[in-house]
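Chain naming follows the written order as A, B, C and D, and within any one chain the residues start at number 1.
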Amino acid sequence: MYVSDPAVVCLSMAPEPLHDIAHLGSVELLTPRPDRSLWYFRDVLGMTVAHEAGDSAYLRGYGDYAVSTLKLTAARTAGVGCIAWRATSPEALERRARAIEAAELGIGWTNGDFGRGRGYRFHDPDGHTMEIYYEEQKYRAPAELRSSLKNQPQKYAGRGVGVRRSDHLALLASDVAANRRFAAGLLGFQLREQVMFDQGKTELGSWMSPNAVHHQLAYVRDVKGGHGRLHHFSLWVDNREDVLRAADILAENGIFIEAGPAKHNNSQGFYLYSYEPGGNRVEIYSGSYLVMAPDWEPVTWDERERGSGTYWGGALPESFIQYGTPDIAAGDTPLDPPKLPVFF
Amino acid sequence: MYVSDPAVVCLSMAPEPLHDIAHLGSVELLTPRPDRSLWYFRDVLGMTVAHEAGDSAYLRGYGDYAVSTLKLTAARTAGVGCIAWRATSPEALERRARAIEAAELGIGWTNGDFGRGRGYRFHDPDGHTMEIYYEEQKYRAPAELRSSLKNQPQKYAGRGVGVRRSDHLALLASDVAANRRFAAGLLGFQLREQVMFDQGKTELGSWMSPNAVHHQLAYVRDVKGGHGRLHHFSLWVDNREDVLRAADILAENGIFIEAGPAKHNNSQGFYLYSYEPGGNRVEIYSGSYLVMAPDWEPVTWDERERGSGTYWGGALPESFIQYGTPDIAAGDTPLDPPKLPVFF
Amino acid sequence: MYVSDPAVVCLSMAPEPLHDIAHLGSVELLTPRPDRSLWYFRDVLGMTVAHEAGDSAYLRGYGDYAVSTLKLTAARTAGVGCIAWRATSPEALERRARAIEAAELGIGWTNGDFGRGRGYRFHDPDGHTMEIYYEEQKYRAPAELRSSLKNQPQKYAGRGVGVRRSDHLALLASDVAANRRFAAGLLGFQLREQVMFDQGKTELGSWMSPNAVHHQLAYVRDVKGGHGRLHHFSLWVDNREDVLRAADILAENGIFIEAGPAKHNNSQGFYLYSYEPGGNRVEIYSGSYLVMAPDWEPVTWDERERGSGTYWGGALPESFIQYGTPDIAAGDTPLDPPKLPVFF
Amino acid sequence: MYVSDPAVVCLSMAPEPLHDIAHLGSVELLTPRPDRSLWYFRDVLGMTVAHEAGDSAYLRGYGDYAVSTLKLTAARTAGVGCIAWRATSPEALERRARAIEAAELGIGWTNGDFGRGRGYRFHDPDGHTMEIYYEEQKYRAPAELRSSLKNQPQKYAGRGVGVRRSDHLALLASDVAANRRFAAGLLGFQLREQVMFDQGKTELGSWMSPNAVHHQLAYVRDVKGGHGRLHHFSLWVDNREDVLRAADILAENGIFIEAGPAKHNNSQGFYLYSYEPGGNRVEIYSGSYLVMAPDWEPVTWDERERGSGTYWGGALPESFIQYGTPDIAAGDTPLDPPKLPVFF
């Protein structure tokens, strides 16, 4: 997770941890059923619509201090659109843009989107679209949504699940290792955990983060050989009890629960996976643990240690491995495979 | 919270956030009743003794990956000893040492302590003793304390409260502003929240952090004009329910509960304050919120907004303002006031 | 599960525990601000309006299987109206009516109210109006409120606090002992706990129940010498975490929180007291413990043992002792004092 | 609270609900690994040994007010021994004894066991051994186990899971209907829920109770045609979070978790099933709901409604249907089939 950044090396011969990305900023989900997806995120999960434009709605959790962390866009098939990362400074943004461009993964500069300024857009090696930006619009709640807590951006309304904030996302990738190296080397993400089968030869998943949150990005093997697909997007609640309550609410609203509430062994995440009406897998999430060590030793799980992927027994359903969006098995055309740079 | 670090400036004319301190490493508590204090932390809070040497015991929570995060040392009076911060790299350690030395707050290099390598020792402006180090010993659990979770450093034993890890500490300071400027300027901590009375003229407290944890260091006004004193040391549990359960356990063990369980307005922390038998205030803590924004706008509370300091009503007891360790009112001699550098 | 055992009835002349009252059925709250009170119970606490008639709204928790457990009636002052108890059988209803009539506390038979059949109405010695009934209308949820759980009367909507069901009520009484003897002797309630000051001479409160719930009726001393007043009405949630979440919701909605969330020592109840906009004290409640013993030994607390009435420290505010509805101090005329029968 | 009302007994010839059994008193579990079973209940679940005699240990939860609710007895195979029910009065005990004797299910009077007085012993139709008693020894904690709560029989020690009290047990029966009729007719238990397949022709399970607890006795079909076998014994904790914490503790102690934590649809119970080292299935349990209605309408689930038996999805493992103790499949000899009375 150390990177040779020429600008830095002139001062310090030993590479230091890169610290140019601050956090996951915004995730765009594509949905063929925008009205029902909006109902799911707004009425069932309790998010707030901060803005609407064209085919998109911009949502937020009551604890997100950015104006929006989830963009919902009508599309022919489900899946993930642009994944935006916030830089730690304007200079960090420039540095990352140059490094990614040099790696031939760049798309180019954009004028930003609702809630954020100009950004540099690129592909990860698997073809997911990403963007780095620095300028961000803070949320200013209208009077009726103002919290009685001055340090809380928005009233906790007590509607539905009441997710606090966006936490992370997991992407499917045909070559997990290549994408993991990209995220470590070019984004500076620290590797937190890995699942490695066949005596380390098959990398099934890697969990990474630019900050103390256990993982803000996971790459998981796309067993169908697709490109640019989503495994899940994850929203945070503060207590495990909130996840149990979420399960009650999902069940009452006829939402399909794929797995959980239960506890993963890797990440220690307390999870609840459902499919939003558009088809994307969404996780309600709590627990896990923070990592603050600059020299964190990644925890690697082999076949035996990983077991079922759950801590208390039971198993994740086969769909958890097989299903992603867009759902290739359903006959949809996958996103165009990206032109992978030779670097990876 | 931006600092002119000459080494950096040659490359980037605009200052970038300093990122040289990774996290709070270890806190030393002094106790005139070492046996009872050990009983409190080990048997009531459920911590583990990792090492004993001389008049000190080195403790840890089951989720701490460093070998020890709390050092308990027999002393004539209660209070806080050395507060150790971990650097993000060996270079960062050197940079901080040079900068602190230049500010005339330095004491000098030490050969480290159990669990950590050489460090640079110094005073904060109020006279608390601090140290920065980089080399850290990870915990390797003996067989009987090994967790069934590969990513958990130690078995969750289910003994007493079962605190997960060290979270933060709050120090009393006669001049909060001077110490806040020190922590921002020389340690690179981001200011998260402040309590400012008298139209901003009286700074009652400042909450700061080097990472996404809401605060790892708070300076709170020493109303008695002392120096080098402790307000509280805080240990984390994952859920609010764990804090309630902790209150039951403290009550069953005859531990004095000063306040809580309840929710602060500033920090949103869900708190439970008790006095360990040596006299130091210890907090069992959950909730609060993470901050990942590089440009976080500090939240400032005035008299009216701060109110009682609790969110749901009720009041913190007067002792919460008046009492710290060592307890000056009890006639103990305070730590020698430090020679404050002219810089602050 | 009904057994005809006529041979038994003449074999035992020794008194056995009376089992004629099954549970608290319905409580009527009076409010001078009916619209705001309705908003509080429906939108903030998440109850459902099952029926409206005249100046009254009939509400229910999602887990109440009776059609309504709370009647909200517009009135000049806050307070409690009719308190209805369900009998265990039609015969039990007749028996209780005769016994109460014989004790000269009876008012007479009524034709019932929404959701229940004919009942026998009476005063307790302090003058509160009560009623015993047997016939009860079960709730049949309309399609949009039907739960995905067949054994749950109504969908858990996840709106506001989401109280599950009515639990108990506490009445102020100028002579606690007389009312306690009445509830034990004529209603067959088991005494669970008592607060007795002055070496047993002053009975400050008695907690009683006709079933395994710790208490469904409490008599607490009316320190102002009033009659027929209410201390609080209590609604149940399943977990302590639900009470904490309720506090967040009350705070966000500008509801005055008088005390809690915290834990009583007597009853072990985990409480949160607020005033609904009409002025009545309402408790959100969990925890406590069930009593199934037929020979339960009442737990009696003296001044020292009772302490502040809270388990973890802190104190209940003076208003908790002084305030009831109607609020005599506010100059309202109290309910007419009842003609107390000589029996008590 | 006792009332002498002899005039009443001859007035009503219509059958009223029987109220002769107060609650489940004590369950005896048989174990071929008594030392390990004792470790499980004492060190992992946190129960206390109140007494030891011969091959038996008598245990209790911190909230049980009877001196013991679980008897652990060394035996050749796992299974359930004597199941003791407490009567509501001495007269109720006599009435039940006569009625059971008349039904030809009686074994005879015993001199009691540790913690309880003389009792009438009998078989249920499936051959489980049961007993009814009235005299019960209350727990008086020794000084070191005394609680700081006067109404709590024993200190909450914070050791392991910390189960509060015994809640219920589920028995396997070859003919569920016969045993259900027995429990309703002779013990007076109210039927709460049923699973009925084949359009009501196959009764898979019936959940019943003598008090407000949802069920204290369940009969579940013994798919292997055995007799006198146990499905599970269940221990209560107050919050769902306590069940999650229990799962962490079981996992850390290498205890096999068969299912959960999750939520049943029938009973709404929040369950966690593990096998204690002797082989018996033990449930850590919270949630569910109380029933206080004298005319409760049993909730009946057919194949489609019952589904997997869980509320949030997922499935109970096949072992949950197949496995009971003693484990017939393992080649052990089942308990002698009882001589079933012609009445059933």
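Please note the rule applied: contacts are C-beta pairs under 8 Å (C-beta built on N, C-alpha and C of every residue); 3 or more make two chains touch, one makes a residue touch a chain.
Everything numeric here is computed off the predicted structure, so don't read it as measured data.
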item: Third chains touching both chain B and chain A; value: C, D
item: Interface sides of chain B and chain C: same vs different residues, half threshold; value: same
item: Intercentroid distance (Cα basis), chain D paired with chain A, Å; value: 46
item: Of all residues in chain A, the ones touching two or more other chains; value: 148-149, 239-241, 248, 251, 311
item: Contact set on chain D toward chain C in their complex; value: 1-6, 8-19, 22-23, 63, 65-66, 86-92, 94-95, 99, 136, 138, 148-152, 164, 184-186, 188-191, 193, 211-213, 238-241, 265-268, 287, 289-290, 292-295, 297, 299, 301, 305, 311
item: Touch list for chain B against partner chain D, complex; value: 44, 46, 147-149, 155-161, 239, 241-242, 245, 248-249, 251-252, 254
item: Chain D-facing residues of chain A, complex; value: 239-241, 244, 247-248, 250-251, 256-263, 270, 311-314
